[in-house]
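Order of writing sets the chain letters: A, B, C and D. Residues in each chain are counted from 1.
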Amino acid sequence: MKKFINNVDNILVESLSGFAKAHSDLVELHLEPNFLTRANKAQNKVAIISGGGSGHEPLHAGYIGYGMLDAACPGHVFTSPTPDQMLMAAEAVHADKGVLFIVKNYAGDVMNFEMAAEMLPFENATVLTSDDCAVINSTYTTGRRGVAGTVIVEKCVGSLAETGADLKACKALGDKVNKQTASIGVALTSCTVPTAGRPTFDINESELEIGVGIHGEPGRRREAMREADEIVGDCVEAILTDFKIRDIHPTNKHEALLLINGFGATPLMELYLIFNTAAKLFNLQGFEISRSLVGNYTTALDMAGASITLCLLDDEIKQHWDSPVHTAALRWGK
Amino acid sequence: MKKFINNVDNILVESLSGFAKAHSDLVELHLEPNFLTRANKAQNKVAIISGGGSGHEPLHAGYIGYGMLDAACPGHVFTSPTPDQMLMAAEAVHADKGVLFIVKNYAGDVMNFEMAAEMLPFENATVLTSDDCAVINSTYTTGRRGVAGTVIVEKCVGSLAETGADLKACKALGDKVNKQTASIGVALTSCTVPTAGRPTFDINESELEIGVGIHGEPGRRREAMREADEIVGDCVEAILTDFKIRDIHPTNKHEALLLINGFGATPLMELYLIFNTAAKLFNLQGFEISRSLVGNYTTALDMAGASITLCLLDDEIKQHWDSPVHTAALRWGK
Amino acid sequence: MHTEFILAAAKNIQQCILANESTLESLDREIGDGDHYINMKRGANTIVELEAELTPLKPDEALNKIGMKLLSTIGGASGPLLASFFMSMAKVLKENGGDSHAKIAAAFSAGVQAIIQRGKANIGEKTMLDVLIPVAQQFEILATQTSDVNLISKSLIRTAEQGMLSTKDLIATKGRAAGLGERAIGHIDPGAKSCQLMIESVCKLVLEK
Amino acid sequence: MHTEFILAAAKNIQQCILANESTLESLDREIGDGDHYINMKRGANTIVELEAELTPLKPDEALNKIGMKLLSTIGGASGPLLASFFMSMAKVLKENGGDSHAKIAAAFSAGVQAIIQRGKANIGEKTMLDVLIPVAQQFEILATQTSDVNLISKSLIRTAEQGMLSTKDLIATKGRAAGLGERAIGHIDPGAKSCQLMIESVCKLVLEK
């Protein structure tokens, strides 16, 4: 393992300190317990808080700021944060309109946020994101995982909260966006967790892992490496099948947002190539890709690979996607 | 080599097509010869054109748009573009106030842009960027290479051009920013050029390459892998020494922009950790890091590693760095 | 149960976790995300460091403090589950006392119940519960049948081991491995392994006395 | 010189470049950026594909067209240099004709001069010029001394080879390898190698006749 680190035990705090220093206009860092808040506390709005294991940067701290999150709680690398972080973050940012937690659907995240929610002395609700269609939601699973679609949920809910909407409305929008979103990831290499010091899984030069999770969890299947168009074709099909299974039937010319997310070690050049093919294929299936996002938005440390996310748009989602946002990792309007 | 590609010969056009599709509000793609222009032609300003070999994304196409470039000419991977691309791009975007080429100082780029400039039927000038202090500008070199500092030059010159400033002023600002900027890069792994299909250089688990170029050119020296603080310390020293050698003496409390640039495969988490250390060290040396940029801005395909860039600020540079910019890869204000 | 015993057990558990680094790490790399060892190590170290604070406390107070500390230290899936275990066990001990094997067994069972409630899982889902549920049941049965602590300890070590091994052939339906379907078969659940190790550590401490 | 010869030479060069893929590629990987082979291949392929267009042209017109085509095809450092070579050679051929070895040698020298001007380099800087300058000089000398084309060809093959080998011990002061300082020593310059191969290809074609 070769990484820019001093001591594996300090990597998180040193990195968070760098982040807070580089974006001191946007965020404030609090340590022990660790959480980040907006540099200027927002008033008269539902406080939107997210969090999760670290290693997915810019998720979530990179999305703190106007139009998105009020606070983020970073856990250790790939380990959910603990309830005390959420409690302190909520204490710091709530503004009498309640707190909405946005939580990726993993047992650890769910339980830690749940315990925080139970202890929280004020009104709160939780949106669980579960866009990863690699995990088919059959009888034998706890449900789908939350992956890159989480960014879209955070963006839209953050926008709505900014208008002064109430907690119920924010939760409803979050649930809707999550429902209308499906993602699937492909890994070409494993990530290496710094404390582990070696790759999470072995994969050779001629293989790829389809349906991989953002922590390097094994996916649907191991396959022979193939050309990009075929890989993307399989992903697009998985997404379309997923909508069908979940009884979501997009209309013809349905507008959609296409997000190509890099896992950390895949060059932009390849991500745009993937976008090119995926957009073409979704067009052929009758979608109109009217919004797009291409880059490293929900990473898995240094994993080479990418995920494809399709979010079905309606006027409400479009409005909240387009609205101004001012964070370290997503910024437009205003 | 595992990459998301179909055919090594098409990677560039497929990727550019995806880029143009994803950012159709910002750019227009022209093929054979290949160049990209703003979606809406700007008027009454010096046309700012850059270009260079591909593989450094988002450089340069990601910087096309309001406040930065008017056009970009992408060559094959790591190969400078050819003069016909620059001529056609200039033809498409010039608006009667002349054309300014921003060119990274490599023999190939210099000569191809030079030939284009000689053939161009209208007023033009060139800013050569040469911020890489890994190459010490002694008698035995053609001069320093242009690396991540190019982004700062493009941002500032692009901003000035937007005010209607003339060609001479734009060139002068570009030259000044370049002069006040120094960079140095470190590689932990090699990049793999798709057509070559194998890593450009061999480097083992216990080594790092200090002073590496953004094409994977070998650097100053091969060293034993060490902890981040030591590596960053050496880089900071190289930058300070470089200013001294070039007879640039920053005042105490000199304001500076610190750019930590990822080469493609290094996670944001590590880049922020580097920022944290570098900012601390520059502070100790009497600088005030009042502007920052952390992320993948001038990459080397899938190389793991990062570069550190310090740009000495004055009121003029600060104003043009802060001014609104609206491109695929850099966006603020407005 | 005495606080002294709790502290000694904590140290034994810490040693045992540290000694099983590569096992725990590989198991979670195979069907999880590779952090289970480091999570358990962080938790164990923190508790051992708490010695001075714990020493003056009553056993139930000590266990409650351990639960709360684990809650804010471990994170991940195992954090809130183990925290819930200790806090619930503490609660029952406080209410009923811990001056008999039966009472300790009941408290242990209450802890396991808390894990079931928090994680909404049950036996056969390829989690730590495949160790903890059989151990709790066996403990309660043995506590009414015998007062031979060595016999109880030996039996629980075996039960824990069987439970841990049973996870190997299961498909996971809870936790991170639930995404794997058939691919989880053939791998022991990391949480089951760490729970088995912890139970073994504590039982061995009893046997050594 | 006939256009027919130019076309045959282009094909020979193409074959020779393709046959030396791994050599050219490694050399540029070692002290450059690894694209020299693919740049040369792209150039050579494009010229061979131009056959139909080139066939009816006079030799100087063909060389000029080749230069212009290379300019918009190769890119990198080698593109504008080789393009300048052919366009300048064409210009001198057009002005003076190419009906003697001396005139061809003079045109060749003019091409090399264009490279010197464009790249602002000279002999001893570890570039293609370490092959081209000695070859041009030798060609001009031999052309006045002998009309034995076989002798000239054999001699130029040797000169090119010596020039190419001479780059091995040099520090680069131009081109991408200039950043390397001492580390460039021990490596042959890729552009010198490809120029040597091209000269050898053309000379062998002469010898075969």
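The rule is simple: contacts are C-beta pairs under 8 Å (C-beta built on N, C-alpha and C of every residue); 3 or more make two chains touch, one makes a residue touch a chain.
Source: prediction; values computed, not measured.
Least step count on the touch graph, chain B to chain C: 2.
Separating the centre of chain A from that of chain C, both taken as means of CA atoms, is a distance of 32 Å. Centre-to-centre separation between chain C and chain D, using Cα means, comes to 75 Å. Per-chain Cα centroids separate chain A from chain D by 54 Å.
Multi-chain contact residues of chain A (touching two or more other chains): none found. If you draw each protein chain as a dot and join the dots that touch, you get a simple line with two loose ends.
Chain pairs that touch one another are A-B, A-C, B-D. Here chain A touches chain C in the complex through residues 33, 53, 75-84, 106-108, 111-112, 114-115, 132, 134-135, 139-142, 145, 193, 195-196, 200-201, 211, 213, 215-220, going by the rule given at the top.
The touching residues of chain D, counted against chain B in their complex, run 25, 29-35, 38-39, 42, 71-81, 83, 118-120, 171, 173-181, 183. Contact residues of chain B toward chain A in the complex are 1-7, 11, 14-19, 21-23, 54-55, 57-58, 62, 188-189, 205, 208, 225, 227-229, 231-232, 264-277, 279, 289, 292-294, 296, 299, 301-302, 304, 306, 331-332.
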